[in-house]
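Listed below are the structures to be examined.
In what comes next, chain A is part of two complexes: it sits with chain B in the first one and with chain C in the second one.
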Partner chain A sequence: MSPVLGIAGYVLREAASRKFIMAFMIGLTLVLAVVALGMRIDVIDGALAASRLFGQEVRATIQSVDVALRPVYRAAAFIVFYGGILFGIVACSDFAPSLMSPGRIEHLLALPIQRWHLLAGTFLGVMTLALGGTLYGTTGLVLIFGVKTGYWTVGPLVAGLMACVGFAAVYAVMLTMATLVRSAALCAAAGFAVLVGGIIAGHRQDIAKAFEEGVSRSLFQAVTLVLPRLSALAEAAGDMAASLPLEVRSLGTLLVGVFVFGMAALVVGFWRFEGKDY
Partner chain B sequence: MTASTPAIEVTNLRKTYNRAFRKTGNIALRGMDLSVPRGSAFGLIGPNGAGKTTFIKSILGIVQPTEGTVRVLGGSPEDARIRARIGYLPERLHLPGSWTPTAFLATVGRLKGLPPDAAGHLSLLERVGLADAVGRKIGGYSKGMRQRLGLAAALIGKPDLLVLDEPTDGIDPMGRMEVRRILQEEVQRGTTLFLNSHLLAETERVCDRVAILADGRVVREGRMEDLVRGESRWVARFAPGASVEALGSAGFVPARADGAFHVEAPDATALNAALDRARAAGALLVELRRDGMDLEAVLLGTVSAQAMRAAEVAA
Partner chain C sequence: MEKRQKRRVWLVMAALLFVAAAVLMFAGQGEEPAPPPLEVDFPRRMRSADRERAERRRTQVLPMLGAADSGTVAERPRPRDPLLAALPRGEGKTAVIIEANALRHSPIGGLLMDCLMRDGGKQLAEFREKSGVDPLQDLDRLVITDEGMMLSGNFENARFKELLGERVSADYGEGARVYEAGENSVTRPDGTTVKRRDSSAIATWNNQLLVVGKSPDEVKAAIDRVEGRGPDEPPAISESSTYGEMYGVLSVEMIARLIPPEQAALAQRLRDVAKNVELHLDASSDVALVAEVRGPSANDVTDLGKSLGAALSLARIKAQAGEDKDLAQLLDFAKVKPDGDSFTLEMAVPLEVIRERLAICREDRQNAEKALSSGKEPQETGVEQAPVPVR
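Moving on, here comes the complex of A and B:
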């Protein structure tokens, strides 16, 4: 078996033992169960006739199911994107620092694995965790509304995957931070900084107008240019989930930008880790 | 690797830890030369801060030397195939508390590239005295039990070289005997044992060769019996009734212990001449041995001498 997969398994086993991750999964299951059991939707000829939540009518107007579900899926996409990344930052901030703790890192580095295997395996393990949680939530939501309304769409799943791409860029920075300073708090802080920076970067054209023309505006544009445009990605994910036309000009360019940022952060982390003494 | 190739061979090994915002680094090793013969039980001893842990990390590729060469089992420690033949127990092994010991050993085995061997892992746990704790989570283990589990992890895959940093730390006296037995079995199997322990009596019992490290250098190295042996002083005991004055004139000086005498004899001829003189005076020899030192005395003597030399050089 590849050492990268071995380390990923190591991380996943560690994650399985974390109580708050288990609590999150149980909470997610409960939310899905409440939606499934507490919501009643009546569909007639593809149109939403009535919907009730815990017996209370929530919508009276008759409209097509796909149109009626758009705000639900869009809201769910934003919750998954921002909520998922925030939870991921908190929940995964100490995986890498823990793996690099004294007494554990020496043991791992003395095993017949390359150093990059250790970082790549940690990254893969965390991303598997993020992907699993995202797909569990979004698939559950699609299944519940699909069964209740007969309207099936992969939009929310694609939106969930885009949230994972955003988190990958954030976690790449967190992992790199762990190779510089073995601190869960600093890893989380770096993750938050990238998230906030990514939200700003997504609105950089609008925000840039608030700066005076000249050095300050150029500086702002230069800094935000290298950051992943996470808010733009979230908007695109929301549009995807709601099956709306994309507002962003090129999703491909957006994804490539996020990918390049994540890879650049990882390269710095790998380079630092290769030359570090423990 | 041929039988004559040393298990560990370092030449002019230097390591300086560079610190951010500081002009000078922390020198841990100052040109260390050491050769550990294959199949030996080798002990590394020295005071705190001598560079023992840095040396161990260097031979495992955990820290990168500033200068010098390191060869382990005939290759570079950077080579994963070489590290696959090494079993290592770090000084403070941090174990995942929520795992069971079998899951931990299975993960270590997987990362060593070995096929799954649940029965073998159970047998290892039994060997290190953890048979009764197999079903418990590691978080509930005592310090000694964790050390035993770390030793079991180091033994996975029958390594050619065992590098153990304080393996008996936290283990009770009975447990130490068990660990000693396991280590001796491994050496008999042909494994090279490299042991770093502050328990000098432990090192003395297990190892056949010792190096003393002080201030980042090997200041003394050799076979255990040569290091602890006195140079030319012997201890003799005579049957009751021997005249102290007569023995004194034969060259025997009363020792602190009752009935024991010291005699200086640089070779066998001188020793037998002294004994003949004692016998001629009516003394009957009942015990004769070289006046040896324990490892603690050897370490203290060597390190003190090294410190004095360093002070002289500095002056």
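Moving on, here comes the complex of A and C:
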């Protein structure tokens, strides 16, 4: 396991040296600071009575603070889920291709580690990065609203963790793509494709009705059966963040399913990487 | 060779994982469509159906008086709704209109009918036979005021004489008949008849209106308002406010009395700050209530709104802590919207919650109907009463 951790550490050091990632963390901190300093919320006996952003009234309705914060947390969960995956695709698309670049890969392959350790370590490093960023953002949001309103919930944090599982499935495909073609652009394209496919897969029942009954519908259903159901996971994350009843039948099973898809894609990468000549 | 075998293991493992992922995701998300989110349509303004209904009710045309008196061509008065014309005039009055017919045909109406007819409809049939009035067909609206109540509908087949006993009656105005206080025969459940003194006065108008008041003067005043002899002030409820299945204005005093004793300070604050409360209840799907509280001071009204919002929030927290899910669900939709010198309070009860609560009525009704059809006397269920518009 230690070689995997070693590679993960290497990826994290690589990430820390990148201005793009640093800029994202600074941007996230600024957004949280703006919300913390610019937002004034009046809570009376558990009811959100008024809220102002930079002196401008943004909400005139008086209702229970947890009910009033539902749309805020739900919107935050969607931003974290889709925004996080999109940012992750862009920011992490060249990690694997640069790791496999000529000169560097030979050096890594010369190390006393197995080939799959390299991919697993890269995957673990990127996921640690995604988890850290998500927890930083969602914990900041929960802390700010918790201190300002007195309403504490772990919903947004759990939603953030669910977003990480979604990203795991996407990044595993990107990593596998890097073993096929050493191109950051193609890795990002593969990530986008999985994201779009995942959104479609989550709504497969509704979309399937648009296809004529027969081969085309069956083909669509067969393809989307395997794709990670990212939109369903995003909806569940939104419900979880807003403390609303879940629409999915079993969240745990869905989460494990999406994660197992990621592992399957990663294993394809292992298979390809083991047979590749450098 | 060993490397090739190892690669094959990876491939088999990937295939197995993909299959497992597909099965897990299929089972986790479920293939049945998600239920639509719980949304409540609050009655905030008149909808086209309400406008059409109000239009249909403008049936009364007052005679033109100006032309004969002054020799000039008088403007033809607009047709109006006689029931709205009969309502009390001036501020601080209570008048709540229940759209009995619309409510009867709403989803909640069906549930209420089950409760009302837990005896299998026996009492209702008796009332129908005795009075000539079928409350389910002939009654359109019911109004509750400070002075009594009014009913509108089609009372052409009503046998007022039998219903109103030995009361003294006299014609009044152009189309009304007033029944003054008198003795009334009441049949007891054991079949014996007793005479009771009834102090209320009743007036009928054109077989469309039935006015019940505390005194003959009160019912006569209502008839005067209908026939255009009343004060010039606008009625307690304007036509533009006739939306929902129940609507009207409530005096602040009456609302304050409805607030539980542990919220006495809030009740007093309401008395001090608010001038009147207009409410609208929609029962076309879920039961949604909008109450608009108005007062002379914008600041005081806003503070009152905040206090009310806080009280509702506290009640919701208590309901959640006490695991009273229904109440918590009811208060989930509760919100207060301040708007200058007024604020609106919105509350809703999802239809499913009411359906669950009233399910027992349906069972009782079905059992009673079965018993009646098999010739047995249905068992007493406790809270049954046919709607009796006239005492």
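Following the convention adopted for this analysis, the second predicted complex is superposed on the first by the 277 of 278 C-alpha atoms of A that agree within 3 Å, B and C clash if a C-alpha of one lies under 4 Å from a C-alpha of the other, contacts with A are read in each partner's own complex, and residues count from 1 in each chain.
Quick note on the criterion: contacts are C-beta pairs under 8 Å (C-beta built on N, C-alpha and C of every residue); 3 or more make two chains touch, one makes a residue touch a chain.
Just so you know, these numbers come straight off a predicted model, no measurement behind them.
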- prompt: Based on the superposition on chain A, does the combination of chain B and chain C result in a clash or a fit?
  reply: fit
Message: Going by the contact rule set out at the top, does A:I44 touch chain B (first), chain C (second), both, or neither?
response: second
Message: Contact-wise, after the overlay, does A:V226 reach chain B, chain C, both or neither (first, second, both, neither)?
response: second
Message: If you tally the residues of chain A touched by each partner, is the higher count for chain B or for chain C?
response: C
Query: Where does A:E106 make contact in the superposed view: on chain B (first), on chain C (second), on both, or on neither?
result: first
- request: In the overlay, answer first, second, both or neither for which of chain B and chain C A:G9 touches.
  value: first
- prompt: Once the shared chain is lined up, is A:V248 touching chain B (first), chain C (second), both, or neither of them?
  reply: second
- request: Considering only touches as defined above, state whether A:V256 meets chain B (first), chain C (second), both or neither.
  value: second
Message: Quick check on the superposed pair: does A:I62 touch chain B, chain C, both, or neither? Answer first, second, both or neither.
response: second
Which of chain B and chain C A:G275 touches, first, second, both or neither: both
Field: Shortest CA-CA distance in Å separating chain B from chain C in the superposed model
entry: 9
Statement: Residues on chain A touched by both chain B and chain C 275
Message: Could you list, by residue number, the parts of chain A that touch chain C in their complex?
response: 44-47, 49, 60-65, 67, 116, 201-202, 205-206, 225-226, 228-229, 232, 247-258, 260-261, 263-265, 267-268, 270-271, 274-275
Message: Quick check on the complex: what are the chain B residues that touch chain A?
response: 17, 57, 60-64, 80-81, 83-84, 86, 88, 90-96, 98-99, 103, 107-108, 110-113, 150, 153, 163
In the complex with chain B, residue positions of chain A that touch it: 1, 3, 6-7, 9-10, 13-14, 17, 101-114, 275, 277-278
Field: Residues on chain C engaged by chain A in the complex (per definition of touch)
entry: 3, 6-7, 10-11, 13-15, 17-18, 20-35, 305-314, 316-317, 331-332, 334-339
